[in-house]
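A single structure is presented below for examination.
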């Protein structure tokens, strides 16, 4: 319960911060929008419409009360409903994130365990080296390399873009997401792999692992039974902590692959200085991060029965 | 001859921790290995079951049922462990996986060696829990290790080790980490089970009274060597080595029943 | 020290990048800004070792000069985050409870906001430039520096000699300077190294997105973005800025790891 309160407070504070930052801008929004057509009356009217004539705290609370109900307001520049736009773009970004996380875990856990098993042998060391490289390589470069290999040299996947019909064209949609998701997964996987590896090494050194071996399980078998669940705990928790990195990765990847998702939208809004939209998007994103962290904590609680008892 | 150990030497780098150790165990026989920590007794027992750390350098011969174990692969050893040789460890708390229900852990060797289903395995686990004297076995098999007491966990350890009725059971300080009152119960349980199964037993400990109550023959280890190997009676009557004599004296000083045992007749 | 391969490899990479930056101050093969439209997009040749970009500018020179922006951002951002992070970290550890609680809360909030996202927002407000990037990255990283520093300081505070010092009337400030700082010094170096790696990655990402160093100053990230358009013509171009970034980042990462390894006994390990 206390955690829930903390969560809500964090959301409020961070959205307030973003609000403040954006409002610190020089320049008059109304003026910017109307330009030379800005007669004093028109400016007044616009300001009233967007509550720009009220004091800052009032503006913020107006926004907040709307946001809680799911209404993020209208874009100052285009007049479009922000929530609607966000939802529309999320249909691309959310599956991208999900797919990427799934790939990341699927890559990281087995490789990490392999690296741990073959601790001193060459493929163990090689996997560690690969994971070190993976952390140092910028995400966008991975994307460019993947494009070069799979889209330019051999036309297996599209080098960018998303089908016009969206998910109605299911194979096309999936095909557009494979390379971007893989890019993200490779970047994330490198980090996760280190944790999977150290968690597995930890398991191998445990007494219960020795007991399992004493009952006649081979190292691989014992790992499969005892190792995976125990190794998952730090991996899942790191994945939770990495959610914000994943989101940033999504922004980058959407840029690399020209995907019209939330990230792409955010970048464009930043460029045209659509403050209300940026505010709404950042707030929604932060909320998403917090919620996911909360969910992950719950999942970890389920995975680890000892903490379950205390809760 | 169930187990033949000849010239077993274990080195870590340049340090020799087990030096030219040899002993035999016949089917159904009980051997105690006694020594203080650092004497190499635990490593010797690990060598028999093939669970030495990878950094260990092993030479010598360990033959089980005539088959040489020291040059077998992990795969091959895995088919012997649990099935023919079982082991109980010292720390009941850490010897069990905290994230897995206890019944599943007992059933694991059965499923592995005998290929039975999980459902069947759980049934056998319940039966095993009864055998090791655990009340309310239905509840126990569904519990997690941290929900059980130390004595209960060690009984689980015994149940797991004996699940496939191995011909040889190795016990490494199985009661050292338990409360004194619980120790006696667990030892008695072990005694009964091993007799019922007719298994051979290697009992490793630093506690002479305990070892002598559980075994017929004793090997005294110091600095990695066996300095004395004799039946319990012979040891107490005619201990030749100063170290052994000191062990006996110390034990007599601290344990009355032990004194009666050793000054009376050998049992 | 010679047995520590990680450290030597890391240090070599870092020195290499620094060398490039210093070199760029005195000499480059060509003027990186010199355009020569006839030589647009040529591949590697004896005249231009790495080829030329779409405006005929020599790529090698751009890479060399680009190291300046990268390293400067990295080092400046690290200075900011280390100074702020360490001070906040130490201050909140020795402060009374009623100061500590909101401070931890504040740190958590900043931690939750992703570095690059924060930089994007800042770029929205102040326009893209190297300085917004430096500032944003510095602030964002200071939160994690503060968190790790706090953990280290707590460990030191529990030590017997600190309690003895307290008992003999040693003031808080003296405890900080005489006991805490020297003991966490090693960990600070390791953190600085890691922070530099992150900062450089963040900077190259921002300039890839067009939100970092503005033209005409060469920047590795931006070079990569522009080369992406010409993949069909010659896919080798993105390799150069990519390699430059990787070597530098890897260098700092390995340097940090190597430092941690060699300073191990005196350092309390916190899970990374």
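Residue numbering begins at 1 within each chain, and the chains themselves are lettered A, B and C in the order written.
By our rule, a contact is a pair of C-beta atoms (placed from the backbone, for glycine too) under 8 Å apart; a residue touches a chain by one contact, two chains touch by 3 or more.
It should be emphasised that the depicted structure is a prediction, and the values quoted were computed from it without experimental measurement.
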What's the farthest chain from chain C if centres are computed as the mean of the Cα atoms? B
So which chain ends up in the middle if you average the CA atoms? A
Centroid spacing, where centroids are CA-atom means, of chain A and chain C in whole angstrom: 22
If you average the CA atoms of chain B and of chain C, how far apart do the two points sit, in angstrom? 55
Using mean CA coordinates as chain centres, what's the chain A-chain B distance in Å? 52
Residues of chain A that contact two or more other chains, please. none
Mind listing the chain A positions that touch chain B in their complex? 120, 206-208, 210-219, 221, 225-226, 229-230, 303-306, 309
Given the complex with chain A, which residues does chain B contribute to the contact? 49, 51, 54, 74-75, 78-83, 86-87, 89, 91, 94-100, 105, 108-109, 112-113, 144, 146, 157, 160-161, 163-164
Touching residues of chain C toward chain A in the complex: what are they? 105, 108-109, 112-117, 120-125, 197, 201, 204-205, 208-209, 211, 221, 224-225, 227-228, 231-232, 235, 238, 242, 245-246, 249-250, 253-254
As the complex stands, chain A meets chain C at residues 9-10, 13-14, 17-18, 21-22, 24-25, 132-133, 135-141, 144-145, 147-148, 152-153, 159, 244-245, 247-248, 251-252, 255-256, 266-267, 269-270, 273, 275, 278, 282, 285-286, 289-290, 293
